Amino acid sequence: MTAILIGILCTIGALAILIAAIGILRMPDFYLRLSVTVKAATLGGGLLLLCAAFYFPDEVSVTTKALAIIFFLTLTAPVAAHLIARAAYFIGTEQWKGTVRDDLAGMYDKETHTLGSGKESGGD
Amino acid sequence: MTDNTLIFPVLVHLFTAIVTLFFWRKTVSQRVISIMGSVVAMGVSIELFAKVWTGGILTLQAAGWDAPFGISFVADVFSSSMVLLTSFSGFAVSLYSATGVARGRMLYGYFPIFHFLLMGLNGAFLTGDIFNLYVWFEVIIIASFVLMTLGGRKAQIEGSVKYMAMNILASTFFLTGIGILYGITGTLNMADLSLKIGALENRKLVDITAIFFVIGFGIKSAVFPLYFWLPSSYHTPPSAVAAVFGGLLTKVGIYALFRIFTLIFIPDDFLSTLLIVLAIFTILTGTFGAVIKNNIRRVFSYLIVCHIGFMIGGLGMYSEIALTGALFYLFHDILVKTNSFLIAGLIRKLRGTMNMDKLGGLYAEYPLLSLLMAIVLFSLVGIPPLSGFWPKIYLFEAGFMDHHYLLIGAIIIGSFATLYVITNLWAKVFWKDQTTATGEELLTDDFKPMTRFRKALLVTPIAFLAAITLYIGLGAENITLVVQHIAREMKDPSPYVEAVLGTNVSP
Amino acid sequence: MLAAVLSGLIVSILYIPFGKYLKDRLSICVSFLPIALFAYFASFIPTIRDGGHITFHYPWVPSLGINLDFHLDGLSLLFSLLITGIGSLVFLYAAPYLKGHRYLDRFYAYLSLFMAAMLGLVLADNVLLLFIFWELTSISSFFLIGFNNDNADSRKSSLIALGITGGGGFLLMAGLILMGHLSGSYSIQEMLGANEYLKGHALYGWILALVFAGAFTKSAQFPFHFWLPGAMKAPTPVSAYLHSATMVKAGIYLLARLNPVLGGTDYWMYPLVIIGGVTMLYSAFHSLFRTDLKAILAYSTIAALGILVFLIGIGTPESLLAASVFILVHALYKASLFLTTGVIDHETGTRDVTRLSGLRKVLWPLSIAGILAALSSAGVPLTFGFIGKDLIYEATLHTVGVLPIVLTALALLTNVLVLYAGFLAGIKPFTGPLPQNLTQVHLPNALMWGAPLVLALLGLLFGCLPFLADDALLNPAAHAMLQAPIGTSLKIWHGFNTVLLLSGITLVSGVLLYVIRKPSQRSLASIERFNAWSPRHLFGKVAQYSKAFSRRYTHTLHNGFLRVYLLRIIVFAVLLLAFRLFTGGPIRLTLDQLSPVSVYEIIVAAILIAAIFLAVTTSSRLTAVVATSVIGYCICLQFVFYSAPDLAMTQFSIDTLTVVLFVLVLFRLPPFLNLANRLTRIRDWTVASAFGAVISLIAIQVLNQPFDGAVSRFYGDNAYTLAKGKNVVNVILVDFRGFDTLFEIVVLSIAAIGVFSLLKLRLNASEKE
Amino acid sequence: MEIVLVLLIGILYASGIFMLLRRSMVKLLIGLTLLGNGANLLIFLLGGITKGKPPVIDTAAKLFTDVYADPVPQALILTAIVISFGLQAFAIVLLKRVYVLVNSDDLDDLNTPEEEDI
Amino acid sequence: MNSTILKTASNYLLPILLLFSIFLLLRGHYHPGGGFVGGLIASIAFVLHSFTHGTDATLRLLRIHPGSLIPVGLGLAALSMFAPMLGGQPVMTGLWLEEPLPVIGMVGSALFFDLGVYLVVVGVVLTILFTISQYSE
Amino acid sequence: MTLSAYIDYVILPILGLSLLLVFIRLVRGPSVVDRVVALDLLITIGVSVITVYSISTQKSTLIDVAMILALIAFLGTIAFAYYLEKRGRK
Amino acid sequence: MVKQFLMNLLLAFIWVALTGVLYYTNFLFGFAVGFFLMWLMNRNESDHRYFTRVPKIIGFFLYFLYEMIKANIQVAYDMVTPKFFMKPGIVKYPMNAKSEVEINLLSTVISLTPGTLILDVSEDRKVLYIHVMYLKNKEQFIQQIKDGFERKLLEILR
């Protein structure tokens, strides 16, 4: 019973990761790749860790650790993605030609890297 | 028998280093602690030597785990005398450093690292475990990197990069060798390795493993064609540092070569020939380099290379006489080379340069100092009956015994070059007068304005080492007894093996 | 005896603390030492005359067989007396000569040291002990020649002198050790017993070559002679003492001493006779062209040394007796001439023989000394030189085959030239008119003219009463050289024979030559045209070329490029490993005990390889760092697969930290430039791949070896029961092999301190060291 | 798998050496890292590899009940890794200093002529 | 780095990572982990903090310079190795309390040794990284 | 088919394949940030691989390794971002 | 509120201690029992938010999971099919969220759902810049987030 549950979760997780992998390979620009991979990988990794949590039920610490890793991954992945995306924007990484909109354009202060909201003056 | 005394030389320097770390930025305290630590280290080294000399090989199984399971420490006459010599050199340099090293360097950890280096050296001499030896080597290397770069001048950085690259490569060879050794024997204890390698049928594999050690230690001890780092770097650090390097760093490579190649890999024809050929080229290379250089420390650097060849040659011949000669040379060389670099430093203090063309007039201005230096310099040459003379007798005899005439020729050439180089140095630095050297320009003398106490701190270590060197020369009999004893130990390692593994292990 | 030998040494050491008090007035006191020693050695004369000899033994380095063994026989007594006797006079002479010199104390220190060394040399029974003193004489001579060390020529001469004698010294050392090794002892007395064995040994030639190298360099034989004229840069008393009477005779002494051990063969004789002959003729001829008094004397000294070598080479009893006589003769007249020259130089300020004449009017006691010495050197009857010359002809005539004619002719020619040189030095300055500029010259301190006069008078004394020296000294000396009784004794008158004829011819032609030929700068210039072929020049060339070679060698090898150094190391390693790998047996691999391969492992391995490739080929620094970390992570996965969780953790965290470090440091570094050309890269790849291949092959070899797991089993069995831990790796790290860990964190600590100081420490300009 | 590892080790060594022979100091450091990894893997392989059996005694047990991987090479490699981290950290900072000094990471620019000796 | 999100994240990551590092330190003798890895995690926590808030802020947070942890850690590790010598036992012999303490488990010299390692690693890594980042700032 | 075998023969190869695909992106770049993201993903997949492997071999010990990986990987990415941003500013 | 949560935790631990079964499932069961008991005993009207919030959290979690799987499938489909249907763009999104925690959670949630990714937060914390994969209409997208994640999240947090 547990084994089957684990098998299913495993499979979903692995497929999610595979999708992330395909995504990072196929997506046409950096932001899209990033977008695809962050969640798919977190989902996949989370599911696989959940399997481990189920698989070692008599070792509390293992379950705790598995959950802790999931928690940690979930928390850090978006932060990391945000930072690297920001850096990418600074170094002028190109966007796909099919991109329809860029509200960020011109909003960064070139010197200080502080980001404006466009609402400082006037208050929209 | 287990005896914790064995580890004291390591311990003293470790704690001296730690205590000086606690006194970070308090240079006066650091100096005092360093000198005290060195004195204590000298005391325990003497005690250790006396114990070993009278009571035979001492072993210490760390944490009480029997060999080969724990890390064994072994003090035989060889290692304890190396520890003893290190303590002499270390004391001298520590004393010299008190005034000879810029305060800025002391503020950034000169003394702790210096003691870590000495600790590493002692550890390397005392350990009976090949991987532990690797760790000691790494302690030595990193400490020497830091000492070499401390101050960060361009030449220092250049030297350090070369020194670093080649020494890390050496460590890689060493580590690879250890990996292979473990793979074929399943043990790391050197005594155990001695038995297991001795019993191994596949001699080809043994030789191959040995080659890794030849190269690894060969780089460390600056053997041709692996020596390049040495002349690239030894002229760059502060003289006190160069003194430790010149006196001890390459020697620990030599120590390791002697240890490994008399305990684990007994030189067969292949290894013996290899070592002798390397020795000949090493001597010649050092010779050629030394005769053309104009900077005192560059000259000394090449002389180190040259004289390394003498010792390697002795190891290659692998007869008792040859080993005796090589070991005698090793003992002499440690003290004299340390002192040579201290002298170079003192000269720099006196004149502000180490360029022989710009130097001059020391004999006229500082006759007693010059005399002191002369003793050291002529010991280096091996003017009889000073210390460098005696080992050559053994080496020549050994060479004649086993018909290694080319090696004898090389040693003659090397000795002759040393003579030329040193007398040339003498004539330029001491005899020639200062005005002809630099024309109108008068170089700075940092020595004259010093207080008597500071002057004494600079000169005493040189005199101290010179006195020991003189003792080695004039009291050669005692040294001879020691080195002959060691040579016998080397030719028959079974007492070592039994002391480590316990007597129940049949050789 | 030990005290006698070492007293000079002790005195010279005492000069270090007390020298400054002894400087002027008291310096004369030092002369008591050689005088006392002279008396001491003279006291042995009766014993030696009665055919006895005395040995002394003081242990020093018994395990090496080197002890302070001294042996006093006729030969060493002759030399000891010369050393202390002439030494006394030189000491006395030097006090006024160097009066007021700021380094007078040093001078006496060196001189005492030299005397001790010389005494040790001639008394040592042990060849290595002899060698020790031999080198000490070289060194003290070095300091004495360079005594006026602010003079560049002086420094150069002393370097050349030490270079030649020191170089020969090392060869000699090898030779002596070879002798000792073959005969089983370093004692000369014991070697005497092994002489037949030595002469028959295959290495006999080598022994001779090495010993000759030592003797010839020290005794200034052609082509090593040129250091001696250079050595005339030393103060004149030194020249008189070292470079005519004593040190240069060390080589002669050595040959004489070893004659019974090694001599008596053709290999011994021909080199000595030829080299001695060439030397004597060459340098005697050269003395013709010199105008500097000291140079003239130097060349005639070389000639005399040549004669001595020549005589020892002949090796007959007559020749050995002649040698021992000539040693004394030459020491007396040459030292006297040097000291005379010293006074002339000191008082007139010149040594140019063309500008000196008539000095008898102002320096009359000295002129007696000079003329007597010159006559002795000429071999005029009733001088000691006459006896010496007779014996030389006696010796050359008593050889066999065609040799008598050749050798006698050689000796004759040399003697004529030596006579000329002696006259030039001892007679020319005193005879003739006194030039105007020398009229103010006045007689110096009595010690200065007394010393040469004593020596010259001694020559006259022995010339008239040869038996005074004969039984007591010269016969025993020759006896020692031969190790057999000589059978002849010294006589003033041999009757009318060939020898007398030859002596007459020598005298007549020599005087004729002196009368006809006047020294001039022009003739000096004429000989100097041949300098390009002179041994000095040729040696200089050799030195120059070897320096140039050294420079090229060193700069080629040590060219400053790290990558070249590394390449050499690797090539060396590859060659060595490959050589041993492919000699002695094939390389096999048994596949049956290998573990199976899974897909994911292969994938990880493939990624690893690709990452390596990326790291190596990328042109972006950051990509290289990324690729390196991928490599680290893949290895980490391998560690996970193969049961090393601790390892994986550590590898991973360290790898990440390294990346962080790289990233922090890489700011603003320009991109990689492709700095190597294609050929270099191909070369490097070849070497690198060869190395990788060798490592792989070795790994395969090792895998074939059965593995002994006793140690790891012990750890597994005892980790919990004895060391209270379940993670065996950790237990090993903190317990079984805790030392490794302790010092591994020391490494880290040092690295941290290093980083800290490297980035923060800036020395200010005043902090030099 | 041993064969794969042998191959890997060879490649690691080879590429490490190749990188050592470059002029760039960054490459030199990467080369040293690669060599270090190669050496570690070599020790790991030659000590004998065992799959999926870490040398950790089960929570409940006091002794190993199953075969386990040789812990010795692991301990050695651990030490070696840490040590080479120390060296590497220092080397990387040295690289920084080199760059500050000569404004490039070309090691040839670093060579100081002998005339500048003190 | 001037990022609000990272700042917030690092505020809660720091205690989590520190807690975790102590966990790793204490269990090293039984499971993978130990002083070394524990120290690394702790230093990574502070490094993260310094990335966000700047090195100076982290140094203020630490109160002492991380470098001063090095001698303390070294001293602790060395003493725990050499303490047995005072009792006449071979150097480095493990000394253990008879009974395990709650939570921490068996307490012995090995634990102090590991703690020393932990401190040294934290000191070393932080010294290195902070020195570098201060240098480039 | 046991769970262990399923993981060995299905899940791990899938993950391996993913690793490979991500690695291809890492090699291809084109920008440094692409590589950094690929690296980050590689590590996340690595965490998964280790987790799954620990199930397959029934060694819970390995989860610890996964945990370390997850904790530390974040730092690497941050460092790269830090670097790129700083470099971008100059 | 915190007090209640701690109380609940304490009850869960007591349950675990009583049963002596050190499993996670057991702990969760204990937590649920405790929650139920506390809900039963709660008579204080002013403090009932704890009991509404727990179900809301669970609800939010389920909503999040649903969105995630839905969007994942969409993206997966886009990816395995050769042609891209994407219309990516960066959208400025004015937040209602104010505090650090709110902003962080909101951005985490948005980032973890496929198709959207937070690029940055403006310095004055008024605006999120979101990268959107399928951007048909800016206003519609903003409204969707406002009504979806942000509202639900703020309900829980405030």
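Which chain is which? They are A, B, C, D, E, F and G, in the order written, and residues in each are numbered from 1.
One rule holds for everything that comes next: a contact is a pair of C-beta atoms (placed from the backbone, for glycine too) under 8 Å apart; a residue touches a chain by one contact, two chains touch by 3 or more.
Given the structure is predicted, the values throughout are model-derived calculations rather than measurements.
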{"item": "Both-way neighbours, i.e. chains that touch subunit C and touch subunit B", "value": "D, E"}
{"item": "Number of hops, subunit E to subunit F, where each hop joins two touching chains", "value": "1"}
{"item": "Maximum centroid distance from subunit A, chain identifier (CA atoms)", "value": "C"}
{"item": "Contact-richer chain pair [A-E vs B-E]", "value": "B-E"}
{"item": "Averaged-CA centre spacing for the pair subunit C and subunit A, given as whole angstrom", "value": "79"}
{"item": "CA centroid of subunit D to CA centroid of subunit G, Å", "value": "44"}
{"item": "Approximate Å spacing (C-alpha centroids) for the pair subunit B, subunit F", "value": "48"}
{"item": "Distance from subunit G to subunit C - Cα centre to Cα centre, in angstrom", "value": "91"}
{"item": "Multi-partner residues of subunit G (at least 2 other chains)", "value": "107, 118, 120-121, 123"}
{"item": "Multi-chain contact sites of subunit C, meaning residues that touch two or more partners", "value": "560, 562, 566, 598, 602, 641, 643, 645-646, 649-650, 653-654, 656-657, 660-661, 664-668, 695, 702-703, 707, 709, 711-712, 715, 726-727, 729, 733, 735-741, 744-756, 758-760, 768"}
{"item": "Numbers and ranges of subunit E residues touching at least 2 other chains", "value": "1-3, 5-6, 9, 13, 20, 30-33, 36-37, 40-41, 44, 47, 67, 70, 74, 78, 92, 94, 124, 128, 131-132, 135-136"}
{"item": "Chains grouped in pairs wherever the two touch, ordered by label", "value": "A-E, A-F, A-G, B-C, B-D, B-E, C-D, C-E, C-F, D-E, D-F, E-F, E-G"}
{"item": "Residues of subunit E defined as touching subunit A within the complex", "value": "1-3, 5-6, 9, 12-13, 16, 20"}
{"item": "Partner subunit F, residues of subunit A touching it in the complex", "value": "3, 6-7, 10-11, 13-15, 17-18, 20-22, 24-25, 30, 33-34, 37, 41-42, 44-45, 48-49, 51-52, 55-56, 59, 62, 65-66, 68-69, 72-73, 76-77, 79-81, 83-84, 86-88, 90-93, 111, 113"}
{"item": "Subunit E residues within the subunit C interface of the complex", "value": "28-37, 40-41, 44, 47, 67, 70, 73-74, 77-78, 81, 92, 94, 96, 106, 108, 110, 113-114, 116-117, 120-121, 123-125, 127-129, 131-133, 135-136"}
{"item": "For the subunit E and subunit F complex, residues of the former touching the latter", "value": "1, 6, 13, 17, 20, 31-33, 37, 40-41, 44, 47-48, 51, 136"}
{"item": "Residues of subunit C touching subunit D in the complex", "value": "560-563, 566-567, 570, 589, 594-598, 601-602, 605, 608-609, 612-613, 615-616, 621, 624-625, 628, 631-632, 635, 638-639, 641-647, 650-651, 654, 657-658, 661-662, 665-666, 668-670, 672-673, 675-676, 684-685, 687-689, 691-693, 695-696, 699-700, 702-703, 707, 709, 711-712, 715-717, 719-721, 726-729, 732-733, 736-737, 740-741, 744-745, 747-748, 750-752, 754-755, 758-759, 768"}
